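Here come two complexes built around subunit A, the first alongside subunit B, the second alongside subunit C.
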Partner chain A sequence: MTVVIIGGFLLRIPKLSILEHTARNLYYHVPMWFTMLAAAGFSAYHSYKSLRTGSLIHDIRAEEASRLGIFFGILGLVTGSIWARYTWYVGQGIWWNFDPKQTLAAIGVLIYGAYFVLRSTIEIPRIRARISAAYNLFASATLPLLLYVLPRQLDSLHPGAEGNPAFSEITHPLMRLVFYPACIGFIGLFYVLYTQRVRVAQLKDQLAPQWEDD
Partner chain B sequence: MTFSPIIIIQDAQEAQDAEASDGISTSYDSTWTAEQIPEQPPLGTERFMLAQDKIFVVLAVVLVIWFGIAYFIHRTDRKLLDLEKAAAERTKGESIRE
Partner chain C sequence: MMDWLHGTWAIFEKDVRLELRSRYAINSLLMFVLASMPLIIFALDRNNIGMREQSALLWIIILFSAAVGLGRSFISEQERGTVLLLQLNTRPSMVYAGKLLFNILLILSVNITALFAFMFFLQLSVKIPGLLIVTLLLGAIGLAGATTLLAALIARSSNQGALLPVLLFPILIPLLISVVHATQTALDENSNWNAASEDLKVLIGFAGVTITTSVLLFDYVWND
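After this line comes the complex of A and B, so read on.
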């Protein structure tokens, strides 16, 4: 990750109008979303396992993966907002521009927010695990639609939208050299934070078994 | 909300421009499809952010991520601290019972 950060600042990139150096945000803003998708994938997988096996450990894993997913999603939204504010909206002071991808990503984050609201309303662990797992599978099914299918049908600042070239056509090979390790690095970071959280949550369950007995 | 006639004319122009460029779809957001954007000279934070080819925008983004992750680690740490306290109390209680 350190190499990625250094490389992200120092390596030369092709200069584009409007973007200038902010094209380097590709290394930081975009992996946030990839990490969020990876987290959602983890979460959906463990929700599925939790429904299949009924074991609470999968429920804990699904919850913590979702938590990390929502966290990286919010980081992605904030960084995207800053990027747009000082790049495309100079002199206008627009922080939130209702770009389709931005809006739908925010909806995605809200859908995952509802997952935690739903969890907090149910106190009996076994029922909570089953209902939230079913909801989580639904939530994960909406993400590809919200982030990839719908924004491509609308005008957007993001690549791949109508009239904009897709990622593969515009990205210089040298930038890929940094971009792919950045994605792998952020997903790795997600995995470390995720396993830490799972271990903490497991410990909590072990220390307080009386809450799990009903 | 006050609309001056000049702005209304500009909006109409922008909408026309956007439609002409495509032919099928209408503009989704007239602010960024239009080519003529009423711009003010960069002020305050913008002057700082735009210096040196906008490199500080990247710095801001990296700092947001950095502090976000730091905050998350801090939260995990606090949770662990609570657990440590609970575990310590439990072992203390057990030793008294013994």
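After this line comes the complex of A and C, so read on.
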């Protein structure tokens, strides 16, 4: 992880028009997304398990995964928006441009926000687990439609969209040497945070006075 | 199967009868639509609203009234203490289907009221009536499909007032994009059915996805 961060700042990158040194952001911005997707996947899977088995440990896992999903999602939005501000919109001062991927990510963050609001309103852990898992799965089920609808409505600035070079054409082999470990590193960081948080939440749960189930 | 249809119809009929007795939901929904008309008229320059704005405003009003009015469908069962009775006597899928039918009916009446209000106050003129009817119908089914399960979710939580819009709106974005575009197409005289075919496909897909997942998840939400 440390090597990736140092490498991201120091290694030589190919000079491209517009992008120039901001391309270093590739090492941080893109892995954030992969991490958010991984977190969403974890969270949906554990929501499903929680409905199936009814055990609270899966609920804790789903909760912590979506908390970290929000965290990385916001980081990705912030890094992406700064990146766009200083490349595509230099001189225009636009921070937000309704790119499909940006919008999708923002909606993802909104859904997880709603998920936590829902959780906070239910007090009995067993019911909270069931209800929030149902919402999580319901929201996840509608996401593919969004993926289908949005690109037709909005123009994209991301690589691979119309008129933009694909990812493989603009990346130098040396950049990939940093980029791939960065992806693995961020997902690894997510996994470490995730397991630690789950452990803490579990311990808190054991120490807290048990709820009388009705 | 006949048994299932019978049970579903019984729940639907019960809701309609209760609604006709109190007229709580329907009155508040229709008044919501009518009360928001002056807001639009005074907030915007009413001679200068384009087709895009008309269709967007129409659907935003429909979504908000759905978020305000449909949250009650399961809460009322809890307040009257009839949840246990329904749990004992019927299968969860029957309850879901009956409530879904009732919500579709409510949203359709809202859609029609809103449409006529727009035609009357904002000179909305429809060029392809068939497309508009199909859009309103599919929109109502999709909206009811998404709202019914969420209404069941919030009936189990303690903060029931403001919760439904928070849960509902992020999910409804694909629906909103498609219905607004399809409605705009129906208002445009230089347009035809083909221009909206993609939107109609999305609407059918949205209704299908929400209703299917709701049926799968409803057992877990409804039973203790």
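Convention: the second predicted complex is superposed on the first by the 192 of 214 C-alpha atoms of A that agree within 3 Å, B and C clash if a C-alpha of one lies under 4 Å from a C-alpha of the other, contacts with A are read in each partner's own complex, and residues count from 1 in each chain.
In this section, a contact is a pair of C-beta atoms (placed from the backbone, for glycine too) under 8 Å apart; a residue touches a chain by one contact, two chains touch by 3 or more.
Note that the coordinates shown come from a computational prediction; the quantities given were computed from them, not determined experimentally.
Looking at the superposed arrangement, the partner reaching more residues of subunit A, out of subunit B and subunit C, is B. Contact with subunit B, but none with subunit C, is seen for A:Gln196 once the two complexes are overlaid on the shared chain.
By the touch criterion defined above, A:Ile107 reaches subunit C but does not reach subunit B. Touch criterion met: A:Ile131 reaches subunit C, while subunit B stays clear of it. In the superposition on chain A, contact is made by A:Thr121 with subunit C only, not with subunit B. Once chain A of one complex is fitted onto chain A of the other, the partner contacts of A:Tyr148 are limited to subunit C, with no touch recorded for subunit B. Looking at the shared chain after the overlay, A:Ala139 reaches subunit C, while subunit B stays out of its contact range.
On subunit A, the patch touched by subunit B and the patch touched by subunit C do not overlap at any residue.
Residues 51, 107, 110-111, 113-114, 117-118, 121-123, 127, 130-131, 133-135, 137-139, 141-142, 144-146, 148-150, 152-153 of subunit A are the ones that touch subunit C when the two sit in their complex.
The touching residues of subunit A, counted against subunit B in their complex, run 5, 8-9, 15, 19-22, 24-25, 28-29, 32, 71, 74-75, 78-79, 82-83, 86-92, 94, 97-100, 154-155, 157, 162-163, 189, 193, 196-197, 200, 203-204, 207-208. Residues of subunit B touching subunit A in their complex: 22, 25, 27-29, 31-33, 37-42, 46, 49-50, 52-55, 57-58, 60-62, 64-65, 68-69, 72-73, 76, 79-80, 83, 86-87, 90. Interface residues of subunit C, counted against subunit A in their complex, comprise 146, 149-150, 153-154, 156-159, 163, 166-167, 169-171, 173-174, 177-178, 181, 198, 202, 205-206, 209-210, 213-214, 217, 220-221, 224.
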